[in-house]
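These are the structures, in structure tokens.
Two complexes follow with chain A in common, the first pairing it with chain B and the second with chain C.
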Partner chain A sequence: MVNWVTLIDISLSGLGLGALYALVAMGFSLIYKVTGVLNFAQGQIAMVGAYGVVIFGTATVLPAAIPAWAAVLVTVLLGVVLGLALERVVFRQFIGEPVLSVIIVTLALGSILEGVIFFLYGQNAQAYPEALTFGGQLSLPLGTSIQAAYAVAVAIALVVVAVLMLFFRRTVTGSILRASASDEQAAMVLGVSIERTIALAWTLSIAITAIGGILLATSSGGAAVSIENTGIIIFAAVVLGGLDSIPGAFIGSIVVGVLQELGSYYLVGGTAVYVPFTDIQANFGAGFGEILPLVLLLVVILVKPYGLFGTERIERL
Partner chain B sequence: MPCGEYFTDYESRMGLVRWRTQKIALAVGLPIPFIAPFLLGGGTTTLLTQAYIFAIAVLGLNVILGYAGEIVLAQGAFMAIGAYSTSRLLAVGAGLFPALAVGGLISALVAVGFGLPSFRVKGFYIAISTLALQFIAEEWFFVNSQLAFIHGGTTQSLPSNVGLVGSVGTLGTTVDKYLLALVLMLVFAMLSLNLSRTGIGKTFRAIHENDLSASVLGVNVFKNKLLAFAIGGFMIGVAGGLFGFQIGFINAEYFTIGLTLEHYVMLLFGGLGRVWGALLGVGVVTLVQDYLNDGLNFLADLTGTNATALLPVFFGAIIIVVLAVEPKGVLAGLGKIKEYLRTWPFAY
Partner chain C sequence: MTNDDTANSSRVYRRRNVLKSGAAGAATLALAGCIGGGDGGDGSDGGDGGMADSVTVPGIYDESGATSDVGRPTAIGSRDTIAYINENDLFDVTLDHPNNDYAYEVPQAQQYYQQYTSESSPPLIIGWGTADTEALAGTVAEDEVVYVSASYSANLVTEEFPYNFFGNLDYTSQARAHLKWIADNDPEATVGFIFSNTAFGRSPVEGGKQYAEELGLDVAPDINLPLTANSATTQLRQARDQDIDYLIHQNTSAPMRVLLEDRQDIYPDLTVCGLTYTVDERVVQQSPDIFEGVRYVNAFRTFQGALDSGGRGAEIIEANFEREGRSMDDPEVAQLNYVRGVIHALLALKGMQNAAEAGNDVTTGPNIRQGMFGIEDDDMFGLAEPFSYAEGDRRPTMNGRLFEVTDGSLSFDTGVELPRRDSWIGL
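And now, the complex of A and B:
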């Protein structure tokens, strides 16, 4: 018999995880939409964001720590600078190059960022400064509960998503971004500077991804290398939602988050469900929760490659 | 080499050994790697063996990526599949060649399976689906003890003395492994060279250039893509099996996305779609990696930091610089220099 309170609990934390993934996924979609670059380094950028707070907020690398809120601010600024620098130094060289080159460049970039983090911290998890760790549980109606750290991270993530949506809908800069994403040449004719738009897109994308990384770390109490895996899991989200759809990325992330949490609880270890009408436990072994979204990804690519909201590509000779 | 085009028929134009210089180079150069292990130390021999094995894997990647233009990011997973299959077959005493062949076949089968989406989508969707395969293999499948009945355990030791077929022709010394890897590498290099010169290879290239045009011209794009996946997957699987046999011990940690990236560095550095490029890339990158590793280890001891973790940083930087400066690889750059010298002092 299914325990409904547990099911709601798990689904809630799945929704929350999805909201956290949504930031990284939206960073990915944004840059794909505007520049056509498929960024395989999203996971590593999120990891840099997560470890950035550790670098500035604790005295592990730098001689002295700065207050936690300042560390977060500095890390987001670092994301902005990183975005500008990457666009200027790396990705500008590869405009008009084949897809392969760009994909390999992002992979190489990911390995560079990963190498730097491993150089600084090894593969160990690092605790966040006191001010950013929230203990305890938050009770919700129907007897369900959610961890406080998680709730805070999710709340901030939802606020960021809402602000982003408003930014795209309500501001001139936002509509410029949308315009250049939908038709670059038409936007140029109307007087949009594509160069500046692309720089803006990179900045925004990497800043959001870094915030996503920080929140993912906050929700689990500290930065860990496993945040890197986000980079692969969000592919499931963006492909499901349609690669070039930002709302699709959000919805895909929610689905993926719920799937991952349900998978980790009901298909792994002692809590695994029983296969109907038998007494075999459907235990797929540790880590299957993260695999489940990828299985979904493979199914989506086989069945409906352009996702729920993506535009189908029409080819001409 | 004379100046200008001197070929009068197709056969001599397409020949592998076309000039007298090349004939002499072949006669002088070919015996060198066969004599080398008797002159070099054990460490260098092992390093070269590993380079040959990686060359087979990179040649396999070259068939899929360089010829057919499909971006596969599951190099580590394919090698792992080959290595674990080989290990299991060696454990029951099947002998090396059958074990390698079956490992390659299973690898090819998985490669074809993950090539199936290419029926409907192209380009980066294959990159995403194979990246998912790599992640599944690396983070779950091969480290999952519950699945030991399939892969036989995350860490396995391979027997050090193995017969080529059954228990006939036992080999196990460093020199034996070196020669085996060298011969297999030469076989696969010839295979790829001939593949690129014959109809299949040209079909692959047509698909690479523009698959829509190719299909309009009557090429069965889907079938040929799967064929490329099968051939490349087989070679990568065999390389994985050899790799396991050479170090005598396999662990899921060897076959990560880092390995995939390393092979991409090798292939792109040398030159995509060229056998000599792949071989050159493997040679140079293996040597550079060896020196870098020594240097970083020294630095790590000296400063007490985790300097060895910086190796991927160098690789990442190399790959970005190569792609920005000479996207067709070092071999194409050398070709430009040769062309310039050939016609010097005239512009053309």
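And now, the complex of A and C:
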């Protein structure tokens, strides 16, 4: 017999976990939408965001620490600067070049960012300043609850998805980004500065991803290299939602988070449910929670190859 | 321009760009490799094991890979102590210690092993963890090279792997030490095992559960917590809903912190009992609140415990820190994993001393292996529970030292003496 409070609690945890993934996933989707590039450095960017707070908020690398809130701000600003610098130094050189070239550069970028963190901290996880470790739970109706860190993640993810949707649909700059995403050559002919659009896309993407990395670290007590694995999970989320759809990335991430949590509880170990009318426990073994979203992904891709909300492109052969 | 012209031009253009992007990628990856710091060893050649006045004892360490958080202080402890041994003439023969960082990559470990064995035929190698130890266990037996490492799988002391040695309770007996304490103090308790689904994680589970049942404890179904976990809410709900009182955790310190962070919110009444790699002074000092009340087990002392022991081991550590200019307040190095590394070097020393005292050539593995069996009730200069190795039983000790985290430090709680059962070898 399923305990409904437990079911809701686990679903809420999944929602929170999904919201954490969503920030990283939306950063990924934004870049793909505007530039057509699959950014394989997304996990490493999230990790750098997570460690950024440690760099500035603790005296582990710098001689003195700044307040935690300032460390978060500086890290996000650093993400903005990194986005601008990458556009100027790296990605500008690849305008008009095949997307494959830029994808390879993102792989290299990921390795460089990983190398920098390993150089500074090795593989050591680093605790966050106390002000950023949200303990406690938020009580909800029916005796259910959600962890404070997850509640914050859900709120921020909702704000980001709403702001990005408004930005793309209601602002001139957003329209320009969509235009250049739709046809870069045509947009250039019409006088759109591709350099600026790409810079803006990378800047927004890295800043959002850095926030995602910070929140991931906050929810687990500190920065750890395992955060870079999020890059793989969010790939499933954005493919599920549709590569070029920001709301799709959000929803895909939530689906991944919820399935992961439900699968880990109800299909793994001693809490696994019993197959109806039998005494057989549906225990699929360790790690099945992580596999379950990928199974769904496979089904969705077979039925809707462009994901749930992706743009279907019809090409003449 | 015809379509064919366009296609040809496009092909040339694409080829040029692939080359361009490939070159850019290769260059940046190479740069990343440099920044990542691949080789943390001293790079010395060593290789004069054949000479009567020196013997080569290579080190294969993880100083930048997946387990480098604990591998690096261990490597430093071993290197420092070998330098101490040479400087203070603890052994008549100089120990050459070429060493390299294999970054927890098995092919790298195998490559370094081949390099060392082909260059200098060492009688003993100080290795590191599960990755290198398991990959090389068969080879070291074949080549008759003693392999001292920090992989404590009970499987490594079976007859199948006669040249592997370690200096701690095996993983299963670490769990048994916790279980014995639980049975003595809370006999009605329900225990559960939480671990990463790897050979390392699973190692203590079967034997531990058998012992728990023998002690009359209720055993809950297993819970999985990956090494790369960023959340443990589901796992803690599983523990809570299965009424687990004590969770025995075989993992590393990063997932341990994730587990403890979520424990506060989901299941604060749970007592987490960590095995050897889940806790050290660095993580406890970084997050004292969430580690409060955690129980821990080892067969050797913590860093402060080692200093307080006042024996030769404490002298070695103090001298090492002074010579190398290290700070006793820096938990990145001044932690129990440093003590682990010191013990590895001392095991090598004592094996060789015993071989030399028996009048045997210290440059051959079989002689050093026999020398290891001369280690009897030896507390490693006061750093550990007494170690003894025998041909039929290479478990160094059955004594566990239990600790509890209180006010941000690892406090010794009590010792547990387990029976030395033959049936536990390999389990």
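The rule is simple: the second predicted complex is superposed on the first by the 270 of 317 C-alpha atoms of A that agree within 3 Å, B and C clash if a C-alpha of one lies under 4 Å from a C-alpha of the other, contacts with A are read in each partner's own complex, and residues count from 1 in each chain.
Just so it is clear, contacts are C-beta pairs under 8 Å (C-beta built on N, C-alpha and C of every residue); 3 or more make two chains touch, one makes a residue touch a chain.
Computed from a predicted structure; not experimentally measured.
Once chain A of one complex is fitted onto chain A of the other, the partner contacts of A:E97 extend to both chain B and chain C.
Contact comparison for chain A: of chain B and chain C, C touches the greater number of residues.
In the superposition on chain A, A:I301 makes contact with chain B only, not with chain C. When the two structures are aligned on the shared chain, A:L38 is found in touch with chain B, with no touch to chain C.
In the superposition on chain A, contact is made by A:V105 with both chain B and chain C.
In the superposition on chain A, A:I232 makes contact with chain B only, while chain C stays out of contact range.
Of the two partner chains, neither chain B nor chain C is touched by A:F56. With both structures placed on the common chain, the touch criterion links A:G287 to chain B and to chain C. In the superposition on chain A, A:E114 makes contact with both chain B and chain C. Applying the stated touch rule to the two superposed structures, the overlap between the chain B and chain C interfaces on chain A comprises residues 94, 97-98, 100-101, 104-105, 107-109, 111-112, 114-116, 118-119, 122, 229, 285-287, 290. Residue ranges of chain A in contact with chain C, taken from their complex: 3, 6, 9-10, 13, 17, 20, 94, 97-98, 100-102, 104-105, 107-109, 111-112, 114-116, 118-119, 122-127, 133, 135-137, 147-148, 216, 219-222, 224-227, 229-230, 261, 264-265, 268-271, 285-287, 289-290. Listed in rising order, the residues of chain B touching chain A in the complex are 65, 69, 71, 73, 116-117, 120-121, 123-125, 127-129, 131-132, 135-136, 139-140, 143-147, 210, 212-213, 216, 258, 261, 264-265, 268, 272, 305-307, 309-313, 315-317, 319-320, 323-324, 327. Note for the complex: chain A touches chain B at residues 38, 40, 90, 93-94, 97-101, 103-105, 107-112, 114-116, 118-120, 122, 229, 232, 235-236, 239, 283-288, 290-291, 294, 297-298, 301-302, 305, 315, 317. Taken in their complex, chain C has these residues touching chain A: 14, 17-18, 20-22, 24-25, 27-29, 31-37, 63-69, 72, 197, 220-224, 226-231, 233-235, 237-238, 241-242, 253-255, 257-258, 260-262, 264-266, 282-283, 286-287, 290, 332.
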